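Each chain gets a letter, A, B and C, in the order it is written, and its residues are counted from 1.
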Amino acid sequence: MNEPLLDIRRLTAHLQIGQKRAELLSDISLTVHRGERLGIVGESGCGKSLTALAVMGLLPARMTLGGSILFDGSDLARIDEAAMCDLRGRRIAMVFQEPMTALNPIKSIGAQIAEGIRLHLGASRAVAEDAVRRLLDRVGLPAPRFNGDLYPHQLSGGQRQRVMIALALACEPDLLIADEPTTALDVTVQAQILDLIDDLVDETGMALILITHDLGVVSEMTERMVVMYAGRIVESGRTEDVFRQMSHPYTRGLFSASPHGAALVARRPLGGPRRRLASIPGVVPDPTNRPSHCAFADRCGFAQDDCRAAIPPLSVLWPHESIDHAAACFHPQRGKVPA
Amino acid sequence: MSTPLLEVRNVVRDYTLPRPSLFSRPVALRVLHGVSLTLGAGQSLGIVGESGSGKSTLARTVMALDRPQEGEVRIDGENLYALSRTDLRAARRKFQAIFQDPYGSLDPRHSVRRIISEPMRSLEAGQPGTSRSDRIGEVLDAVGLSPAAADKYPHEFSGGQRQRIAIARALVTRPALIVADEPVSALDVSVQAQVLNLMMDLQERFNLAYLFISHDLGVVRVITDRVAVIHLGRIVEEGPTGEVFDGPRHPYTQALVEAVPKPFAGRRQRGRSAKGHASVAASGAAGAGCPYEPQCPLAQPLCSMEAPALRLLAPEHSAACHFA
Amino acid sequence: MSRSLLIGGLVTAAIVGMALVSLVWTPYSPTAINIAKKLQGPSLTYWLGTDAFGRDVFSMIMVGARNSILVSVVAVAVGAGIGVPLGALAAARGGMIDNFVMRLTDLAFAFPALLTAVIITAVFGPGAFNAMLAIGIFNIPVFARLTRGSSLGLWKREYVLAARCAGRGDIAITLDHVLPNIGHILIVQATIQFALAIVAEAGLSYVGLGTQPPQPSWGKMLNDAQTYIYQAPLLAVFPGLAITFAVLGLNLLGDGLRDLLDPRIRRQR
């Protein structure tokens, strides 16, 4: 089997706050192949964005990293800043949630897109200008209505996100990381942006890591996914398998709590009491105070004594020729998902 | 027929834009083009729309915060914008609001007790204050917080708990209507479910009516009986929530419903309806035609000539489209 | 606690302390003339020496601190007392009132402050009281603008909306929700304006329009020292140092208070 493009092995990150030690990422292992779409799902504070920032080499220096991040053979966790700068933007690019803050308000969008091309590829001004035009066309901002002389404030939220995508694509990266790229957008605009990203991955053969809290987005956009909770991967596998099985109780809880999931079956009987959502009781444990047993045990309806004794490792449930389905649970759930 | 709890009639709201220069004429932007709604006691009505649709302006108008140029807002038959200051104050006890941002909706310098008692102190000034402390305990209990929470400050709570405090503040005057403007949009899914469940519990317990404003169709589906879809300041479709989302009649509603990514849908099917994004925000001065015509995949010549009115298609279900 | 807060606080406290002590005790009377002891250098008897009339420089600096602080406090109080309500009103009501208040402050800003203070004191007569008013008037627009600017953002906050839903009026909301949340900004600005007022008072006294003799003042001392700059250069140095320390101390204090009171910075630490 060919080498994965990105191979994260036992990645950890922690932060020392006075006497306290905050475990932000624990034992994250995942791989992404060229042309593959990986979804990372979880709630705020689960570490999904931190994982992306670790790959980009953008974690604050105060955080201590462990493990390795192999990107095309070189370990990004050990590489020096100059080499990282060379990779960042050119071979690994990122699209953020809030396009207004990610773009420089006082530079034209053309100049911002051209910057990367000229810096990384050493292109001349004229070549860069051509490239900007082509990129704007490609992300659905056609001439004459849109050109490189526009400024971010002259564009709508969706158009700005298109500019961000053009910026990310400028140097034809091997890996695109999209961190909640459509969360700030209206639903119809979200659909257009997701279509665009989907097309671009097909066309360029780059790999995609899509970070989202929306199960619908991950289901429609990715072929494999990991679910994160409290700094760990709790379930991973082919997207289809994960949705069919939902072996980890947290995955099930997340699904049942989400109104989309509930709406599939919940129809209120006329005049009867409204159907409640299956919410997950309690809150996520604080990163400075994570238990030495399963972090979900205290919120879990299926927890038993062993769950409060040790941290369950991510273990394979159903092997698959390329992507195993694995869950970090001593009592993985089977059978139909109770929506 | 009895008077509904909330009746919004033909509300028109214009905003004056800042003048481009000192000597040019002020330009008005019409945000609401004659919106009408009714909501009965104990019922919940969802308002669904995208950014710029005017849904938050509608919420402010219903809250008597933003006087409309035309039309009226009636609560229990009283037109809020025709009341005197004292009468409006008395009327305010019947309707309260919950907002989106659990971090911005509580004054960071006030204790929870002071936050929750503000509506009581302001709206029930003439009445004896002896039972106030009991009532704070009651509403805290109703939203699932301990009485000890009263002496803490907002920063000591998580986002979900803050939203519970905001709900407690809205409940304390025992209102009949709560206007909720994106109350769970800033919360994580599991916390969002807790807050939505709480809102349903409270609705049944206190016979509350909700005017529930959201961009999230899933959330609206869970909590509302009826839904109105708003597009560029006009209601384009209105009806029972399940019916509207399962069988949308207006092409805009169809586009909205289709655009929501669904779990179990498998990989994306591309190349669907929406006619691109060419027309964002450009529709300030709409012509005579249907405002959705530029984006509508089903548009006919008639659509650019005549704006469709909201008409009844089925019992309780109406849409503003010539071809619905 | 930050270092600037500590140093600024200590320096300011020392000057305020000196001014307070001067109310009950000074080494010598700051107005007692003793020609026999004129223009002496610093010694154990006269800590900072004597001036051309044989007055004790240290005693004059102590009482000068009192006069400077008095003028500055009143000036800042006048500025804040009128400026803050004006700015709060402009932010709360918006529209025509806002426009009117802001044009008024534009007008006040259009005049060079010190020059106008000179004109005011020249017209109404020199003296500490008129100096206070003149400096105070030029603090009004500073506070009005600052209050309006920082309140505007708060008026869009959801807790203010919630208060309006609770039927509270503009004044109640301003007192309850707006001013307490911009208090830290105003306090920091007040310390900076305080430092500026000390310089302004010294300037007015220097040209003879501020505190009137025989009351000692730092500006007047500087002016007097000019004549003897070659015989007794230290005479100019001490009041100069006093002004410098006062301004430096207040600015450091302002910086330190900003760090201490700003909720955003506080949360990051």
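For this structure, a couple of remarks:
One rule holds in what follows: a contact is a pair of C-beta atoms (placed from the backbone, for glycine too) under 8 Å apart; a residue touches a chain by one contact, two chains touch by 3 or more.
In this text, all values refer to a predicted model and were calculated from it rather than measured experimentally.
Two chain pairs, B-C and A-B, are compared here, and A-B has more C-beta pairs in contact (counted per touch definition above).
Look at the CA centroids: the one farthest from the centroid of subunit A belongs to C. Centre-to-centre spacing of subunit A and subunit C amounts to 54 Å, using the average Cα coordinate of each chain. The distance from the centre of subunit B to the centre of subunit C, each centre being the mean of the chain's C-alpha atoms, comes to 50 Å.
Here the spacing of subunit A and subunit B, counted between their Cα centres, is 31 Å. Chain contact summary for the complex, subunit B toward subunit A: residues 50-51, 158, 160, 188-194, 196-197, 200, 203-204, 215-219, 221-223, 225, 242, 245, 255-256, 258-268, 270-272, 274, 276-278, 280-281. The touching residues of subunit B, counted against subunit C in their complex, run 60, 63, 65, 88-89, 92, 95-97, 99-101, 104-110, 115, 118-119, 122-123, 166, 169.
Of all residues in subunit A, only 43-44, 140, 145, 156-159, 186-192, 194-195, 198-199, 213-217, 219-221, 223, 240, 243, 253-255, 257-264, 266-268, 273-281, 283 touch subunit B in the complex they form.
Chain contact summary for the complex, subunit C toward subunit B: residues 157-159, 161-168, 172, 176-177, 180-181, 263.
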